[in-house]
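By letter and in written order, the chains are A, B, C and D; residue numbering begins at 1 in each of them.
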Amino acid sequence: MERRDFLKISALTGATAALDACGSPDHQLIRFVPEEDLIPGIATWKPSICTLCTGGCGMLARVMPGEAEVVRRGQLGLLKMGLAKKLEGNPNHPINQGKLCPRGQAGLQVTYHPDRLRNPLKRSGPRGSGEFQSIGWDEAIKELASQLSPFESGKQESGFAFLTSPLRGQRANIVSNFTAALKSTRWIEFAFLDDQTVRLANSSAFGHAAPPTLDLARSNYIISFGADFLSTWNSPVAQSVAYGQMRQGRPGVRGKLVHFEPRTSITAANADEWLACAPGTEGLVALGIAHVIISENLRSASAAGAAGNAIQGWTGGLAEYAPATIEKQVGIPAARITKIAREAAANQPALAVIGGSAAAQTNGLFNALAVNALNALLGNVGKPGGTIFTPPIPGTPSNAAELQGKLEFDAFLRQIKSDPNAVKVLFLYHANPVFAAPASLQVRNTLEKIPFIASFGSFIDETSAMADLILPDHSPLESWLDDTPPSGSAQAVVSLAAPAMSPLHDTRAMPDVLLDLGHQLGPDAAKSLPWKTYDEAMKAAYGGLQKQKGSITAKDADDFWQKMQDQGGWWSTEENSAVPTTEKNSTPPTKVSAPQFDGDASDFPFHFLPYASQMQYDGSLANLPWMQEAPDPLSSAMWGTWVEINTQTAAKLGIRQSDLIEVASRHGSLRAPAFLTPAIAPDVIAMPVGQGHQNYTRYATSRGANPISILAPMTVAGTDSLAWAATRVKVSRVGEGKLILFGGGLNEQPAEIRHR
Amino acid sequence: MAHQWGMVIDLDRCTGCEACVVACHAENNISTVGADQAARGRAKHWIRVERYYEGEFPDVKTKFMPVLCQQCGNAPCEPVCPTFASYHTQEGLNGQIYNRCIGTRYCANACPYNVRFFNFYNPVWDKPLNLQLNPDVSLREVGIMEKCTFCVQRIKAAEIQAQSEKRDVKDGEIQPACVQSCTTRAMVFGDLNDPESEVSRLARSHRATRLLDELGTAPKVTYLQRDSWHDGQDV
Amino acid sequence: MSLSAGGFKSWLRIIAVIGIGFVTWLVVEHALPAEGQATPSSAQEPTAGVFTTAHSTVTQAIEEFFNYRPEPTQPITFTHKVHLANGLQCINCHVGVDQGPDARIPSVNFCMTCHRVIATTNPEIQKLSGYLARGEDVPWQRVYGFEPSAHVKFNHAPHIRAGVQCAECHGDMTKQTVAVRAVNLNMGFCVQCHRQHNVSVDCVTCHF
Amino acid sequence: MTDKTSDQINRDLLNPLFETSGRYWLVLSCFVAIVIAAVFAFAWQVYNGIGVAGIRRPVFWGFYITNFVFWIGLSHAGTLISAILRLCNATWRRPVTRCAEVITVFALSIGALFPVIHLGRPWVAFWLIPYPSERFIWPNIRSPLLWDFFAINTYLIGSVTFLLLPIIPDFAVVRDRATGLRKKIYRILALGWSGTPKQWHRLETAMHIMAIAIIPVAVSVHSIVSWDFAMAPVPMWHSTIFAPYFVCGAIFSGIAALILAMAFLRKFLHLEEYLLPIHFENLGKLLLVMSLLWFYFVFSERLTTWYGNESSEMAVFWLTQTGRFSPLFWLMVFCNFILPVPILAIKKLRTIAGTAIASGAVVLGMWLERYLIIVPSLSRKYLPYAYVTNPYKPTWVEITITAGTFAGLIMLYMLFSKVVPIISMWELKAGKQHVVAGTVPLIAPAKEVEAD
């Protein structure tokens, strides 16, 4: 304890600061011998990869020598080492082309977070109490091995399960091989924002089970259905770069963006036309537009090919979807639908895209298929300026395979609920279902049943707080990384990065730990995990690319390997975008299906629309101070959460700005301050996901409310993914609230004047 | 000839993603103040993205406008400072010399753009967050006014580099943190004294306007107004 | 007369009461701190155990105000004189001085590259090897350098390129054993030299 | 009063200097306590940072600058008024001048504290002083704050001289009565005054010069204070009317303060025979004039703003007329115009009590005026995005310091009344002599001597 105080003082006196002018050595920490003799003040740029969302951006880390307080050999002291100071986009990387979004910029704070776990922990108190004690790595690994050894020998499905966030590249490969080695098929990828629906739709319509890549840069007309592609959806930076090009990059041409969504997302805010269609009717709108195009012979129905056939009545010209017929349902004047249809047909190349809430309705799959059909009808799928698909990486299994035989999270929960002994050991990696799944799924109680849980996360969160053993992973900047982004570029991309800096704390890379374990477990396991280390696995996997036509020409394998690290990866040079398979038509034509909502309109008059926060994403970034203090682009709110409600609606309910209001669904209720905005449909209540953590570092814990908690456990028909936009709620004012806004005036005209 | 650093922000490209805001925090050692202080109006964002709504549902237009120090050619903040802490540099920036600042906050009152930020307390970084701090930028202590510097540390570095190579700074060689991160390439930085530079070229656009230009502050940040769409044929 | 005076007095009292009541209401309404606004808790910042640019103690603040800095005591009585006499150049050990802002202060490894064989019996050198044996670096103390509150960004490289001799700012090291603060590097010193060589004395040249 | 002999005058007026009641000490200690609290608050602010005050972005100025302007304004009570009265030879001024000048000196020194108190780094405030250094750095002469620095110092030196000059003969009187250590001190203070014609003559000339010189200084000071605001392009600040507006407001609040002070002195120092209703009545008339003038300024300022209808200014305008600050605004109008005008206009009400009440209202109202100039403008500055959502609220620190300065003025006043006769005795005597003689030269005793 005394030592800690002393450290505090030494820190306060600036011993670690830029200047340690005065005093004598014996008043300071000891200094360890630096690995290399670094030249102070000289920066080097090292490639890295952003792992904070699914975008897969390439980064450059600005590394400069600095003095870090570290523990080495159980002793605390100062070490001169290279420290990442700033993250920038990698200019050569095909996805983000040198740019980086706010979340990527904040990646630094993951590495330097004060509450990051610094060494392996063993649970000392009762489960979930958050009482842990530090242990050594050898002890930790021995413990794991003893837990796993029974499974390896077994023949039938073992009691092992691996719950991760969506993984790609060799990380995914090692995890799946490890799971298989333990005779288990239970590798579950969990994320609140999953793109399974879109993947399924694309696979049946275009034969590509991948999220689309939007060639906005060369597009003249974009119709977006709920896809917030400038903020959080799919590959935001790639799409933003292209968007800038679409707006002002081409002399004489400026593309148009039409966006259908019940609330103004960042994309909607930038659209030339924002239309708030009734939630769940996006598919109808798409077919309405298609109807106009077909009936006015702007394009022939057959042009849609397989995608069209997937929709019932497509060939019949979709008579029942005439704008005049559906305008009541969708709440958009027929005239505007017709106008948009004509414009889209006239301004080629045009594309349509679906995502976000549109695909997260119970009829999300239908919506997606309808939009795909429209997209195909517009005739630019796989063509420049349209929707294209990132070609598979030569010599690796195409991502179509990834859909098959993957256990979904709620199925996994059902297994445990039905048979408590089904799962005996659970590995956790960066997945936080206790926070990011509806309370009605009772994730915590279900996972409680599992006798042994080990977590590889870098932070204690709601889920890993239940772990019996925590083996903290390196931060992304400290470890080897590889990534194979499924979308965002017309080139096949393999991102690869060596550690940008040496580890600050006593942590180990999760893949390396798995490999260690595998080799300790036994011959079978060792066979399926033939590599010593993670980077060796990558070298083995990507060595083959040397022969492929790509961004690197190397004289030998090592040279190629080195060049790949220097460049931050490998990518094919020419745009050989994958062509959609039009003849294949697996699924029978789907009928129009109306969206189902949980709770009836009389008791619960409002649609509840959670959305991914620009700063905290799905909540996994709420622990970063920068992400807490950066004002939300639309509400300018900081350090908290809020409920978006239409100004007139609020006036009817007697709700004023920043009043505390209660939002209640059939499955629970939450309280948050109101944010009044004209830019949301009157019957919709929107709320950002990300806050409301019960246990997630000093910055996020018990701050704001978590909209996911009150969602109904409804799934998108035909898939297993959560229909998170299908809940109805009621709201009521409960008192004065506290809303921390950075911006004052909401409208251009000062209110004092407007009201005269 | 001296440079005149300027910036152009294309509002038709800007999506309001705020990559610039966080990039600025990372580059310039801007401390976070925490919820309590943020609630008391002490949050510091050298660049902010202003958002305005026009009209009522369903015909609402949303507009974004990044606002940073406009580096006025005729800056209201400069003459009022009694100690020359705020002054006009030889390269036309509104310099803020932290060690000379006594904290009258007069400059912040005089600034029509509200882009000056004050350190009400000493900045705080929970260890080891302090390891991220950029050694090229000094840390401002309590009682000091701070603001956007156009990343003067990057400008200086580039100039020293150019000087050592016996050449002039190339156009586009200098990128402030916000410009470098801007996901839609809405921001362009360069030398307004060089008529060939991209920033000068864009500043001559028919969409070019300046913020609160009527006050005669002669800002060096030019905004290109949002374009409208008529059948894709628009310049 | 007295009556009217009395009437006047009571009238005054009424006004006074009303006035005072109104003012108190206004003060409470508009002037007094709202809860959460002025709680001294916010004044407790910065909290302990954090990195801050300020001084931890009042004494320190005063010392800096009067620009008082004690001479550093080095762990090893390193002698510049001898090394320079043996033909070493400053830049041999202080690498990077001509490339960037700071000159490197050599690590124990760097010293030992020579002292594995040279003067190994010298007690000071044995101290040095002792550090290496313990896996520690030599905790050299800074001799020069600016207070953080000076907000000075000094860059060696341009000065070296401009042909400024090390001695001009660091004194004649061939005469010093352990480095001492031979020159008082205050702003006056810098500005004077900058003016002589008509280099820019624009504030932002050094302060940012 | 005219039947009072100079002995009686001496007895009555010197009485406070030689006899002190226990109640005096009690009251004094109360005020001292408040002042100490304020000092502590300031120390707390220096130690923790200016953040303990309520100021926030973009309202970077609050109570402190309000007080600064307020006190500088108050300081126009004495010097200006007494100088004018002296020059135009109003005989009734004689008992009034000194307590007026005292207010000036104290209010000014208190006001001058605030620019330092409100600094983010008060310990480097000395950088405002132009002193040569090897760094070749000087203060920025373009900055109104620097003008303040010089103007206030000039005015302070001027008024101190103006206060001390006419005290010299009274010091002499005290010297002759006092004993022991006191005698020694007063001997020094009296500067060897012996009342020779030469001394009287020099005193006369000096007073003449000072009286003339101090008036432009006084006017310039408050013009410059007003320019602190008028020079900045802030809505409702950037106005040409500010200089005269502030000067008028300053004299307005100054007279009010003077009346209050006199009322209290009269009561507590038992000067009923010296501070007569006539004095209050005359000052009351002055106050009435200033009140009307003040209203004229406010009206024309508001009218031009409203008529001009410039959006950025209208935001501030409506904020004060009907918005959040309207209660304070209308209270200000009530205190400065609606309440005082009838009281002062109706002769029957223009009594001592009446004028005192009016003055009290005016002092409050003028403080509010300064607050309403500063805060609303800053909370509505051009870009609506920067409008403040939760308004500026002073914290206990600001409130304590403000209270402390009010207590401070009273404390200083009480102490002063113990070392100097609060009414100029010799002027009183002179006045008496020449009510008889019928002529009223400025310095009578000199004539006396000639007569002999």
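For this structure, a couple of remarks:
As a convention for this text, contacts are C-beta pairs under 8 Å (C-beta built on N, C-alpha and C of every residue); 3 or more make two chains touch, one makes a residue touch a chain.
This structure is a prediction, so every number in the text was calculated from the model and none was measured.
If chain A is left out, the remaining chains stay linked by touch in one piece. Of the two chain pairs considered here, A-D and A-B, the higher C-beta contact count falls to A-B. Nearest to the overall CA centre, using the mean of each chain's CA atoms, is chain B.
Here the spacing of chain A and chain D, counted between their Cα centres, is 66 Å.
Chain A and chain B have Cα centroids lying 30 Å from one another. Chain geometry summary: the mean Cα position of chain B and that of chain D are 44 Å apart.
Measuring from the averaged C-alpha position of chain B to that of chain C gives a distance of 27 Å. Looking at chain B, one finds that residues 34, 37, 39-40, 43, 48, 50-52, 84, 87, 100, 121-122, 126-127, 129-130, 142 touch two or more other chains.
Among all residues of chain A, those that touch two or more other chains are 11, 16, 18, 41, 636, 738, 743, 745-748. Along chain D, residues 48, 51, 54, 383-386, 388, 390 each make contact with two or more other chains.
Viewed as a contact network, the protein chains are fully connected, with every chain touching every other.
Considering their complex, residues 8-9, 12, 15-16, 19, 22-23, 26, 29-34, 37-38, 40, 42-45, 65, 186-188, 191-192, 201 of chain C touch chain D.
If you check the complex, the residues on chain D that touch chain C are 44, 48, 51-52, 54, 123, 133-136, 325, 327-328, 331, 339, 351, 353, 357, 361, 364, 390, 393-396, 399. Chain contact summary for the complex, chain B toward chain C: residues 34, 36-37, 39-40, 84, 87, 89-90, 93, 95, 97-100, 121-127, 129-130, 136-142, 149, 152-153, 156, 160, 163-164. For chain B in complex with chain D, the touching residues are 37, 39-43, 48, 50-52, 67, 76, 79-84, 87, 100-106, 108-110, 112-114, 117-122, 142-145, 212, 215, 217.
The touching residues of chain D, when paired with chain B in their complex, are 48-51, 54-61, 115, 118-122, 124-125, 127-128, 137, 139-140, 142-146, 149, 228, 231-234, 378, 381-386, 388, 390.
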